[in-house]
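Presented sequentially are two complexes of chain A, the first with chain B as partner and the second with chain C.
This part shows the complex of A and B:
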């Protein structure tokens, strides 16, 4: 079986997601804001999608600067 | 150049109420949002909603930079400083608590406190000197075991008197209660650093020295305080939509309802202007104008000036009276004959006027701003001289 190519970071609010986006942009980490997939949460917000291989790097970049709620493999 | 009131040419000296003019970037940013973006921030995932959210985040980030705040999400936006102060005071104080304030406060502090007094909150109003200064030792002497909060204006909107905020902050922190600062007159006009000044709650107007439009303001809330701070309003935040309970995190806990995105776009541009010019440079210019005006008034007969004699101890609001002319008559004459716009009366601060001895007559207040110049000051001094001579 192939490993899932993406991981998503879920945040308490869009403000948090946008702050995370800004941090990743500044650090040059490839990412995309997408609507939260229905099977992950019924919330209507957005989440941050990154390559699975980058998830450790992303967690490190966000640590202490913006809180996230969960990280889920797609 | 002298203004011609007949041609609607004016000298705007009411910056202590709201600043005018605004930097060109403010109008452009509001036009850009309105014409090109227009989405509701934090509500949908489409690009215009996200772009609206990015504008608001940028405004938070530049404010955080200005005030030395580590995490911009610690700032909740409000419609003005009054709403921010109401969230802080009504949210923190409960029956049995004791709160300390000064005798120089605006009604946006005094009225919520007088209401809370009827709900069982004990209030100590510490007297200031005749020129409006609060002595930190008098605050220390007012502390009780039940003291929960000190709320003080950074500078008076009546006399411009600057209070020793950092000193007060450290007294409060040593005693383990909370410190709320009303920065309506100083945000953008004086350096503010929430950690160095030990500020727990910072309320600010967006429409004064931050050069945003009216309808903008905010409240900084130090980490952890939101756990004990009840919101004034609850409702839709875009986050946690599946729950019927209000979110308990910053800033959503205090930001219910569709925000003033167009206003916050303008506020962001205003704050970027302040950062680009530099608060120190803005302060130098305003202090210079104030000093020139104070010196000029001192050479006129029949004028009483209130507040500290030196410009270094005050922001750019100057209250004075002309013997034989009431403040409202004087301001009408200044407007109609000279095109000089100012504010007479009590300035929503009866406590401050009692402190300086001008209740209930009030004063004439000139509020200078970064866009005023020395020619306007000289022209105004001549106008005041002619009113004083005519009286």
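This part shows the complex of A and C:
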């Protein structure tokens, strides 16, 4: 399967990820909660995957509301 | 010299290994086995080591195999590696190589915390779509049917699995019970007959 260009946002905890997800849902930003890909290490096992094109929008939406650890392009 | 090896109840490749050892030390060997795979492996051993081979059906599914060295050829050195390579234990595990069936009996993974259970089931089903080999069937029952509804957070993963050839059985009784008749968007409505037959026929059942 050809992987579409995605970006994942990693969070310090599952709670952070869930809080962020709620915000994205409210703002109608298409996203998916997925397990953190194997090649990326993170204490929190889940992350939010969004289209690469949306990453700026996501960062903006989360700004000041949820801290995220880092963003990785898949 | 003649000896008898009782290899009943032993897992592959034990019977053929015992037979190989015995025929290396004896002119004639009787091997008792209880499955067809052991018979086939020992038949192959006989060909490989140039032994005479006979098999007799006994009571209770037991097969009595006779191995006899044919002149000096029976003593031809056996390449252990070659014999090992010829072993076909792989066909025994019909059950191990058979279908993997995933059972989703709840719309959450594990017990203890519902919010966490929701996160986990989503991660599970997303990862399931990347499993190799894919399961043959996914069965959804009880609250598990809620995973297959239109606004399910795992709908796209289930649809991707279905597209990849995974049969998704959704318990009709459960759909009816929850009043979700018009909302199922992945898989096909099924019944207890198919669900039970599929589970009983699985090599492995995987439950989140």
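FYI, the second predicted complex is superposed on the first by the 67 of 74 C-alpha atoms of A that agree within 3 Å, B and C clash if a C-alpha of one lies under 4 Å from a C-alpha of the other, contacts with A are read in each partner's own complex, and residues count from 1 in each chain.
Everything below uses one rule, namely that contacts are C-beta pairs under 8 Å (C-beta built on N, C-alpha and C of every residue); 3 or more make two chains touch, one makes a residue touch a chain.
Computed from a predicted structure; not experimentally measured.
**Q** Counting only touches as set out at the top, which of chain B and chain C does A:46 meet: first, second, both, neither?
**A** Both: A:46 reaches chain B and chain C.
**Q** A:12 contacts which: chain B (first), chain C (second), both, neither?
**A** Only chain B; A:12 stays clear of chain C.
**Q** Output check: A:56 vs chain B and chain C. Expected answer is one of first, second, both, neither. What do you get?
**A** A:56 contacts neither chain B nor chain C.
**Q** Going by the contact rule set out at the top, does A:22 touch chain B (first), chain C (second), both, or neither?
**A** first
**Q** For A:32 in the superposed arrangement: first (chain B), second (chain C), both or neither?
**A** Only chain C is touched by A:32; chain B is not.
**Q** According to the stated criteria, A:66 is in contact with first (chain B), second (chain C), both, or neither; which is it?
**A** first
**Q** Taking the contacts chain A makes with chain B in one complex and with chain C in the other, which residues are shared?
**A** 14, 18, 33-35, 45-46
**Q** Mind pulling up the chain B residues that touch chain A in the complex?
**A** Interface residues on the chain B side: 41-45, 50, 53-54, 56-57, 60-61, 71-73, 237-242, 247, 249, 251-252.
**Q** Using the touch definition up top, name the residues of chain A that touch chain B in the complex.
**A** On the chain A side, the touching residues are 12-16, 18-19, 21-22, 33-36, 41-46, 65-67.
**Q** Which stretch or stretches of chain C touch chain A in the complex?
**A** Going through chain C, the ones touching chain A are 115-116, 119, 122-123, 126-127, 153, 156.
**Q** Show which residues of chain A lie in contact with chain C when the two form their complex.
**A** Listed in rising order, the residues of chain A that touch chain C are 14, 17-18, 32-35, 45-46.
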